[in-house]
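Once you scroll down, you'll see the structures, which are given as structure tokens.
Each of the two complexes below includes chain A, the first together with chain B, the second together with chain C.
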Partner chain A sequence: MTELLQLVIGGLANGCIYGLVALGFVLIYKASEGVNFAQGDMMMLGAFIALGLGNSEQLGMPFAIAVPLAVVIMFGVGWGVERVIVRQLFGQPQFALVILTIALGFVFRFVAGSIWGYTPLVLETPFAGMNMRAGGIVISVADLIAIGVTLVLTVALWAFFAFTRIGLAAQAASQNQMAAYIVGVPVMRVNSLIWGLSGAVATVGGVLYATRGAIDPNIGLLGIKAFAAAVIGGLGSLPGALLGGLIIGIIEPVAGRYAPGEFAKMSPYIIMLLVLVTRPGGLFSQIQMKKV
Partner chain B sequence: MSLLEVNDLAVHFGGVKAVDGVSFSVESGEVFAIIGPNGAGKSTIFNLISRIYEPTRGSIRFDGRDITGLKAHDIAKLGIARTFQNIELFDHSTVLDNLLMGRHTHRSTSFVEDILFLPKVRREERDHRRHVEEVIEFLELEAYRNKMIAGLPYGVRKVVEIGRALSIGPKLILLDEPASGLSVEETREVAFWIEDMRRDMGLTVLMVEHDMSLVNQVSDRVLAVANGRPLALGSPADVQAHPDVKAAYLGTEAA
Partner chain C sequence: MRVVFKTSYDSDIDLHEHGADRLRTALLLGLMAILPFLVGDYYLAEATNTLIWALAGMGLMIAVGHTGQVSLGHAAFLAIGAYTDAALMNAGLPFYLALPAAGLAAGLFGALIAIPAVRMSGIYLAIATLAVFVIVEELVIMLEPITGGVGGIMAPSITLFGVSFDRYAALTNFYWLVLGIVALVTWGYANLMRSPTGRSFLAVRDSEVSARALGINVTRTRALAFGLSSGVTGLAGALMGHFIGFFNYELFSVIISINLLLVVTIGGLGSIQGAFLGAILITGMPQLIAILRDGVNANFGIDLGGIPGLDTMVFSMILIGFIIFEPAGLYGRWRKIRVWLETFPLARRDMFRRHKTYLKTERMK
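== the complex of A and B ==
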């Protein structure tokens, strides 16, 4: 029992990171009606920027400054990507965005590789190696922070979309661009903002990832798992994305311990397939059947 | 001075002249209808006025101001609202939220004020809700207030779209085929609303419509167009009696 609980808590922390990257997928799916396959690489780049600013061998800024600054920089990167590149695809088939973002992912990986190299690096944090004990369970502070930050960020995003003028405008634009235009929503500007936001959220995910292990330019491949999480949740739903992330995060270590062979590695995709077969719209489906 | 002045307006898509040299002006307080066969360019004129299409030639002035260079999202702020032939609503939101979205340009609170939910935000929110409730009452949408758009019948969605346009608080409302797909009874209701919009709300109405009984009942003046070109402009009776208009509707070439 203790063992299971231990696995679940570690999985929960992992799942939060998947969930944050999945949130990025959902944000952009809502804004640009397409999938950003560079989402995982944005996470990676964000983590490296934080590392480059904060680590003592690099720029050596305090952790509390390096991380927010990295978030701001990646907001700018996301915003700029929409502004300069994605906007040109307006009106093109969704597939164009898929190819474009896959290519963008390669570029991000190359940029990170050429600046920071391909040897795994460790982000220096004030709470590295700190643990807490409760009962027979050991919880690392990094795990607790990952869970706490994800919770706060999710609530903040929810409040942003539910209550602020700009958040409501973003929701409107994601539901119907034409209608959003005619009530006065600057749809293009809102889309840039959402891309910026998804860059910022990805960075938070990346930093949390980096607090729990070494990073290299290929960690962005985690994005594929996070994509599965977003699909499980129903691609258009923020809480769904988080839930999908948590499900995958918990299943992986539990399956790794109790299931045979390589099942743990397949488990996220098996769950995704199961969800797609039984509930094609995802767990939090926003697509309703049309009455005929 | 006219509220809306359209001057030598044209838009060409490749070799297709969707609108080609259309001029008209709509007076304040007037109900003005544009009629014409399918593909005549009526909805295209609307899309030009609401700045969704870029005109190839010509100008549009509203309230004494040239709006030809403005963006689609600038139009609501000036006081121009519209509906669409194919209904463009926020399908996964309630009727109330759709109407409240019409208040977007009237919201003046900042991001920080919104997050803190300051008294100013609450006061403004109350004003918007009061405004929207008036629209709900006017269009008799009370029963649907909290229903999702996606589950509503066609006729109701059409009315909700008019409601969202009214929530904007416009001076000019563009109605793109308000009666299409509606029953005779529903059409009669639309006619009453248009008359009330003009009389009680002081609105100017520009509409595209095929239903000639509705056109005859509510419009002061009618512009007939065919193949992107103007055919006749005048009272409903005069325009319908015009030989070119008759020819256009019967499908024979006027020439």
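== the complex of A and C ==
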């Protein structure tokens, strides 16, 4: 029982990171109905920028400065990517963005690989190796922080879309671009902002990931799993993304413990396919049948 | 500019618009047939590889280019084709039975996935295929008795009616075999696209709502297109297995899926020619990069070989460039050049103006 609990808590923290990357997907999907397949690589890049700023053998800034600075830089990267590249696709079919972002992911991976190399690196944190004990369970501080930060961010983003003017404008821009233009929503600017935001969220996810283990340029592939999380929750729903992330995060280690190894790797995708078949819109479905 | 005088309604859907067109195809086919006498073994092997990639590209083109279903997991169907073919031939079946069986297995599997998947709209299908790809990859490792697991499997050499088609010992024969299969599939594909079935693919791609209003069963059409697409890709997978000789699951990585997508996008979505142009680019580019790299190294003393991942980077940049500046791909560009030449000096800039669509969502919350 303690073993299971231990697995679940580790899974929760992992799931929060999946959830954060999934939030990035959802942000962009909510605002522009596009899917950013480079989200995982943005997470990776964010983590590496934080590492490059913070680690003592690199720039050596204090952790509390390096991380916010990395978030700001990645906000700029996200903004810039939208402004310079993605905007060119305005008015093209959806899948053009899919292919473009896959290619962008490779570019990010190449950039990170040529700056920081392909050997795994560890991010230095003030709370590395700190643990708490409750009963027979060991909880690392990094896990607790991951869970806490994720909850706060999800609520904040949800509030942003539900209550602020810009959040509402972003939703309007995705529901009907033309109509949003007509009523005066600056669709392009809103898109840039959302891409910046998703870059920032990805960085937070990346830093949290890096606090729990070593990173290398290929951790961006985690994006595929986070993607499954976003789909399970229903692309377009922020709480759904978090829930999807948690489901995957918990199922994975549990399946790894009690089922053959390959099954654990397949489990996120099997769950995703099951959800897609039974509820094509995800758990928090937002799709309605198109009527003519 | 050529004026084609049509004397019957039927000639609207002729495979070749006019005699010169037919002659060009015949010349190309003839040139391809005598290629073994013109080039050495190395380039012949490259040409074979290109043809196999073109076959796989045609498979994906049916789904992406002609039915508008993006698949990010077509490497899975390559794998299914390759493993089915190799396993059946290792079990003693002749090639002429194993190859169709490989195509059939991949096609049936594709259609099976497609039936639930096609109810999803574009982006969800892309994700579902990605998931299927990961699952197939793991399944390949799990089914060790058939697939050889991590260790890999050997594709036996082909012998048909006493003639060897071995990839190394009789490369010329193998090339002709591949060429024959590719030509047959191309012919079938071109004919499919002028049949009612092919037209319904296009209708579903361009507007699902209008297609439904015209009485097309959208779900069935999509499932059929996806099944055909994976079947053709399965054939390519079987040939790829024979071409490589010995392979394991790593041959069919997610990079292969992406490369396939590259083939159809850069080649030109919605054109059979595009699959071939894309295949030429994707198989020729690594060679070109290698030659350029050596040139840079020899002339400027800069060793680019030391930078890992440069090839992928160059591919990605090319892809980004095409998506932004020429979404119609190489074939689309060629068509523009041809029209410009044919109508010279009357061509105008806006003749190919892109038509923009504004986004509307199906989400109501």
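Simple rule for what comes next: the second predicted complex is superposed on the first by the 287 of 292 C-alpha atoms of A that agree within 3 Å, B and C clash if a C-alpha of one lies under 4 Å from a C-alpha of the other, contacts with A are read in each partner's own complex, and residues count from 1 in each chain.
Just so we're on the same page, a residue touches a chain if its C-beta (ideal position, glycine included) is under 8 Å from a C-beta of that chain, and two chains touch if they have at least 3 such contacts.
Note that the structure is predicted; figures quoted are calculated from it, not measured.
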Which chain, chain B or chain C, ends up touching more residues of chain A in the combined arrangement? C
Which partner does A:107 contact after superposing on A: first (chain B), second (chain C), both, neither? second
Go through the superposed model and pick first if A:175 touches only chain B, second if only chain C, both, or neither. both
Which partner does A:130 contact after superposing on A: first (chain B), second (chain C), both, neither? neither
What is the contact status of A:88 with respect to chain B (first) and chain C (second): first, second, both, or neither? second
Have a look at where A:272 lands relative to chain B and chain C in the superposition and call it first, second, both or neither. second
Check the residue A:184 against both partner chains and state whether it touches chain B (first), chain C (second), both, or neither. first
Between chain B and chain C, whom does A:165 touch in the aligned arrangement: first, second, both, or neither? first
What part of chain A is shared between its chain B contacts and its chain C contacts? 175-176, 178, 286, 288
Touching residues (chain side chain A, partner chain B) in the complex: 159-160, 163-166, 168-169, 171-172, 175-176, 178-187, 286, 288, 291
Mind listing the chain B positions that touch chain A in their complex? 50, 52, 71-77, 81-82, 84, 88-93, 101-102, 104-105, 107, 109, 111, 114-115, 117, 148, 150-151, 164, 168
Hey, which residues of chain C end up touching chain A in the complex? 64, 70, 72, 116-117, 119-124, 126-128, 130-132, 134-135, 138-139, 141-142, 209, 213, 258, 261, 265, 307-310, 312-313, 315-317, 319-320, 323-324, 327, 354, 356-365
Residue numbers of chain A touching chain C in their complex, please. 32-33, 35, 85, 88-96, 98-100, 102-104, 106-107, 109-110, 113-114, 118, 174-178, 224, 227-228, 231, 235-237, 260, 262-263, 265-266, 269-270, 272-273, 276-277, 280, 286-288, 290, 292
